[in-house]
Amino acid sequence: MSINSFGHLFRVTTWGESHGPALGATVDGCPPGIPLDEAAIQTFLDRRKPGQNRYTTQRREADKVEILSGVYEGQTTGTPIQLMIRNTDQRSKDYGDIAEKFRPGHADITYWQKYGIRDPRGGGRSSARETAARVAASGVARAALASLMRDLRITGYMTQMGPHATDRSRHDMDQIARNPFWCPDPVTASEWEGYLDGLRKSGSSVGAVIEVVASGVPAGLGAPVYGKLDTDLAAGMMSINAVKGVEIGEGMQAAALTGEQNADEITMGPDGPIYSSNHAGGILGGISTGQDVVVRFSVKPTSSILTPRATITRGGEATQIVTKGRHDPCVGIRAVPVGEAMMACILLDHLLLHRGQVGDGPRGRIG
Amino acid sequence: MSINSFGHLFRVTTWGESHGPALGATVDGCPPGIPLDEAAIQTFLDRRKPGQNRYTTQRREADKVEILSGVYEGQTTGTPIQLMIRNTDQRSKDYGDIAEKFRPGHADITYWQKYGIRDPRGGGRSSARETAARVAASGVARAALASLMRDLRITGYMTQMGPHATDRSRHDMDQIARNPFWCPDPVTASEWEGYLDGLRKSGSSVGAVIEVVASGVPAGLGAPVYGKLDTDLAAGMMSINAVKGVEIGEGMQAAALTGEQNADEITMGPDGPIYSSNHAGGILGGISTGQDVVVRFSVKPTSSILTPRATITRGGEATQIVTKGRHDPCVGIRAVPVGEAMMACILLDHLLLHRGQVGDGPRGRIG
Amino acid sequence: MSINSFGHLFRVTTWGESHGPALGATVDGCPPGIPLDEAAIQTFLDRRKPGQNRYTTQRREADKVEILSGVYEGQTTGTPIQLMIRNTDQRSKDYGDIAEKFRPGHADITYWQKYGIRDPRGGGRSSARETAARVAASGVARAALASLMRDLRITGYMTQMGPHATDRSRHDMDQIARNPFWCPDPVTASEWEGYLDGLRKSGSSVGAVIEVVASGVPAGLGAPVYGKLDTDLAAGMMSINAVKGVEIGEGMQAAALTGEQNADEITMGPDGPIYSSNHAGGILGGISTGQDVVVRFSVKPTSSILTPRATITRGGEATQIVTKGRHDPCVGIRAVPVGEAMMACILLDHLLLHRGQVGDGPRGRIG
Amino acid sequence: MSINSFGHLFRVTTWGESHGPALGATVDGCPPGIPLDEAAIQTFLDRRKPGQNRYTTQRREADKVEILSGVYEGQTTGTPIQLMIRNTDQRSKDYGDIAEKFRPGHADITYWQKYGIRDPRGGGRSSARETAARVAASGVARAALASLMRDLRITGYMTQMGPHATDRSRHDMDQIARNPFWCPDPVTASEWEGYLDGLRKSGSSVGAVIEVVASGVPAGLGAPVYGKLDTDLAAGMMSINAVKGVEIGEGMQAAALTGEQNADEITMGPDGPIYSSNHAGGILGGISTGQDVVVRFSVKPTSSILTPRATITRGGEATQIVTKGRHDPCVGIRAVPVGEAMMACILLDHLLLHRGQVGDGPRGRIG
């Protein structure tokens, strides 16, 4: 039981601090014989990379991944894959202020209370920089899924920024890559631009909602009752920095529905069951139905803002704090590829877990 | 890695089906020397017991717990505690209909697709009856917490039923025990009465939102980054039958806030830090702050309803299904003690995990 | 991480004390659709049952197993299987003496030092009676292996009692069932009879060496480097009460060999590689070779003897102790079916683990 | 459940191949606030380093460790510690021969059969070079133990090489560092010199027995029944390359003893119980007694020898193989610091596990 690991059989352990020499992921349990190289992983890291536009942190990191083990002549060997990313833009600066004061809404105070020591440089281990390691690990998962779950397509996007939600009738997945917000609604995307510029200039920040959809997931994945697919997705998404809520399908809105409204009626299609709707988000009883797996999570606004906030020092004295320097006005933007990464890792893990216990593929035939 | 277990050091494995001879929980890792008897556990089971009023299933189960191991002369010995509950009211009835047809919104179809076999009697392993085992296990956790976290108080209640939410300005925790809904708002509670009677008579069902608050939790619990306290709470609550969303503190609403709004400002109190608000829900960076830990989850409406729904048979033929017999119009009601149970087990687990790695209590002093 | 569990995917948690109401095993991760009933499990329990001849404890236990969950209409469902064995012959007697004094060579003192409480009745959790739960669990493993590893044959036997070892040139596996010692050498078996009668009458006890051989194990099982097949076998056998040494193949004698002597030369047979010898015990680099898997372990003499031994009381006062009542003069006898049980559980676990990561069967073809 | 990890709370995951760019250990769960730097870890690595005398492999590796995370200003922070060792002496050579042929007694064939791919360069993941990562991880464990188990002293040494065993009456721990064999018996050490020179010159190899003793271990460590201290030690030692047998205390010889001989009688000393002997090897019922913890393991001769051995190619054709190049005539020599390393890691892990469940120190008082 490692507290910095997730996954049952496809097991990812991340390590590293924001301003240490490097960070990375130790990936254990990958199937052998999977084609893999650094370029394939880099693709995913580049989607998450900081400094790509004016809405994300201006830290300049190449986020260049190195494979240190587990791959031989371009294929995985079944042994642990070590992925390392060197930190290059750790500005030498004075951390005196945030080393002595606790930022409200930040993990500064709890790391101190728990461990009695903390690395204040850039948030140390509690920095969102840790998510680069998850994204790197997901590059391995994606390579394996390319062989093992051929129809899989994972799509992440932002559906709300601050009080401004997208209009689902305008959602067009081709739009996601055409704006800096991963927004599927082009009208909302252009509204967000002005809104976020305003927040950025005033040194403020705002929260967001991210949705990640996986299509092409076979029925039968998920291990009831404490290794359910939705249980692991909830844990996976909640473990991402700044996430405060996770929903599957209807999510919190399921509370408002009656049984009649919530029932996804079933008919028989040419290749198996077809559903009239997907309130369930593709998961029933913790097991995938074959429909799209739909997960949503909220990201709180970053605590690094220019408006002074009341706080205390380590010595217990009242003071105020202002966080200067580079930061993301909406950390939710960079959480999109991270949510996709967690989805990929968890789906592969459940595929391996399923074939371990049950054998290949879904087992009970219908029709 | 057991898929029917949760917890790192305080480890609970549940077993049993709705209509098998018995169900229960194997509880491993409990500290030794904790006073424990069946009566203490029974108190918690009785809160969850079916058939207590007209709003919950009319199945009559004594839910009588037996301690089969791990306790000697009224104290835990540090060895596994086996808790068994005999099933007594498994009506001998014909399950032909639900054995052959899949209920929309129910795990019938996914268990079949995964395993190629399923126990159709009362939902088998996917029945909410499994939660009795969690509640029994929580009785052990509560006994240990009585010694190890003396100020702890866990309070669960319902804040929404269907479209009807409580008014937080009227919340009064003393009201919770005075209505059949665990509702802290007496005005809303009486509205729910008529609303749920209507649903019950028409054979319909409805969803709900449950909130569980733990006060008296010391700062420093939670193991970043994949054993975070909120990560484990999210997993724990999502693993409960019919749960579709989990929130910590502001939850999904955190998306709408700015950094200024979300900051819980800090001042120094006589016994440590004091916060101006609790948007964080008592957890920062996955570690408890010492404030109330606030978790919320949604429960979808049960799929067992009297209105016919389109579905298919195992043979793939189109048909309709109506679920007769006893069921809960709002399963959320009985989810309240289950949510409290998960909170208790997870808090104890994190206390043990913390003292394993760090030693007793929070470590970094302030002031 | 449960400390009373073993196995990665086929996960067994045992519970229960020697003189509590019951003991048993919670078996999680079993493949679905495996034919299973109580009679199949009982066969294995009966081999281990106490009181079958004058050389094992005279405690009279039916060791009747009940399946409480996880089986529906004679087949496993993929959900946890709870196996319970009621204790029936817990003699009401005065444990005053061994409750106050520590038996030299027994876990009395360490359980006390660790937990500050111990169940002195029959040794509580440290009793060899715990092994009945392992044997019951192995009945489930055997049922699954009957489908998944059809050529498997597991044979356990005793090769040494006290200073008297068998002569390997006389080993005949058909002899094992024909004497009360599971001895494959009929000459030695008859010598042991007189030797053990003498020890039994004088209230003494003696150690033993057990060998367990599994033939029909496919090549490719074992997960380097900390889930190696030999690593898990070493842990599994060492976890049996009274075991003090574990060997694979040549075991401790491998130290005396040169590289030339130790090399199992390879030639090509009709169905794959053939080896000139089996010094490796069927495992290279932690992975099965397809040869017989050969494990050996020593069992120390039971500490319950009639000769007085110097010890101390809980209060720290010098005293002497004599253990009256029923006991085994050679606990190694009943360890034979226990060793076979561990072998079965571990082989199934590794089969599932292998197909989880790699897919079905060995993967690299030769020839 | 990572298959390349060991430990419950102090969790070590090793990664890397013999001839890849680097190898290392991800160490999770270390207590915070422990003074640690690279020099402290290097001390242990230097003891294991190849090429230190003519009896170990002539590969020249600096084995220079880098700490990439988890340490801030010279102290552990409680977050994962990544230890990396660059491989520097990977000779560019032709692996054609061993890439195509399987060495008898080597993991070549089983890695191939399991994974269908293997890294043949220097044995890839199955190389003894993996043990450098364990030794590095033990440097972290030692640093924590220096605070948490102050009286601990771990001593490893060789007691047998080929057929030549030491004479225990001549054992003198001060001799261990004075010969290249970690031999406590100076007479035997000088005999081994000639013996091993002969083997080395003829390109042969030989096995060995290593003993590791830990004194100063408090009573109460070990988690029955599947996380016993001896269970974890057996697994830990068996997971080391080439180990074929593990013994605790009397080990396999316990079989030959009677209950009277095996009883370690107890008297009361000034600081607690005192034992007349230590047949138990410091562990009863899986829990430490406070006596010396004594573990012994055998190491088989390396399979790399100059005498041709019959084998087959990947294509299944009969051939012969000779292993040229640098290798260890007695790999047991370098296994001594590795055995010490496993002891250190396992003892720290059990200390944390104990204080997680039970609190600090042994609990039941005597006297």
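Residue numbering begins at 1 within each chain, and the chains themselves are lettered A, B, C and D in the order written.
Throughout what follows, a contact is a pair of C-beta atoms (placed from the backbone, for glycine too) under 8 Å apart; a residue touches a chain by one contact, two chains touch by 3 or more.
This one's a predicted model, so the numbers in the text were calculated from it and none came from an experiment.
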Next on the checklist: By that same contact rule, can you tell me which chains touch chain A and chain B alike?
Outcome noted: C, D
Checklist outcome for this item: Counting C-beta pairs in contact for A-D and for B-D, the higher total belongs to A-D
Item to check | Farthest chain relative to chain C (centres taken as mean CA coordinates) | outcome: A
Next on the checklist: What's the distance between the Cα centroids of chain B and chain D, rounded to whole Å?
Outcome noted: 45
Next on the checklist: Nearest whole angstrom, what separates the Cα centre of chain C from the Cα centre of chain D?
Outcome noted: 26
Checklist entry - How many angstrom lie between the CA centroids of chain A and chain D, rounded to a whole number? => result 39
Checklist outcome for this item: Within chain A, the set of residues that touch 2 or more other chains is 1-5, 8-9, 14, 29, 32-33, 78-79, 114-118, 125, 224, 353, 358, 363
Next on the checklist: Show me the residue ranges of chain D that touch chain B in the complex, using the header's touch definition.
Outcome noted: 1, 9, 29-33, 78-79, 224, 352-353, 355-360, 363
Checklist entry - What does chain A use to touch chain D in their complex? => result 1-5, 8-9, 11, 13-17, 20-24, 26, 28-29, 32-33, 66, 68-70, 72, 75-82, 84, 114-119, 124-125
Checklist outcome for this item: Note: in the complex, chain D contacts chain C through residues 1-6, 8, 14, 102, 104-107, 109-118, 125-126, 130, 160-163, 199, 204-209, 219-228, 230-235, 237-239, 241, 244-268, 273, 275-276, 279-281, 283-290, 296, 298-305, 307, 309-312, 314-318, 332, 353-354, 358, 362-367
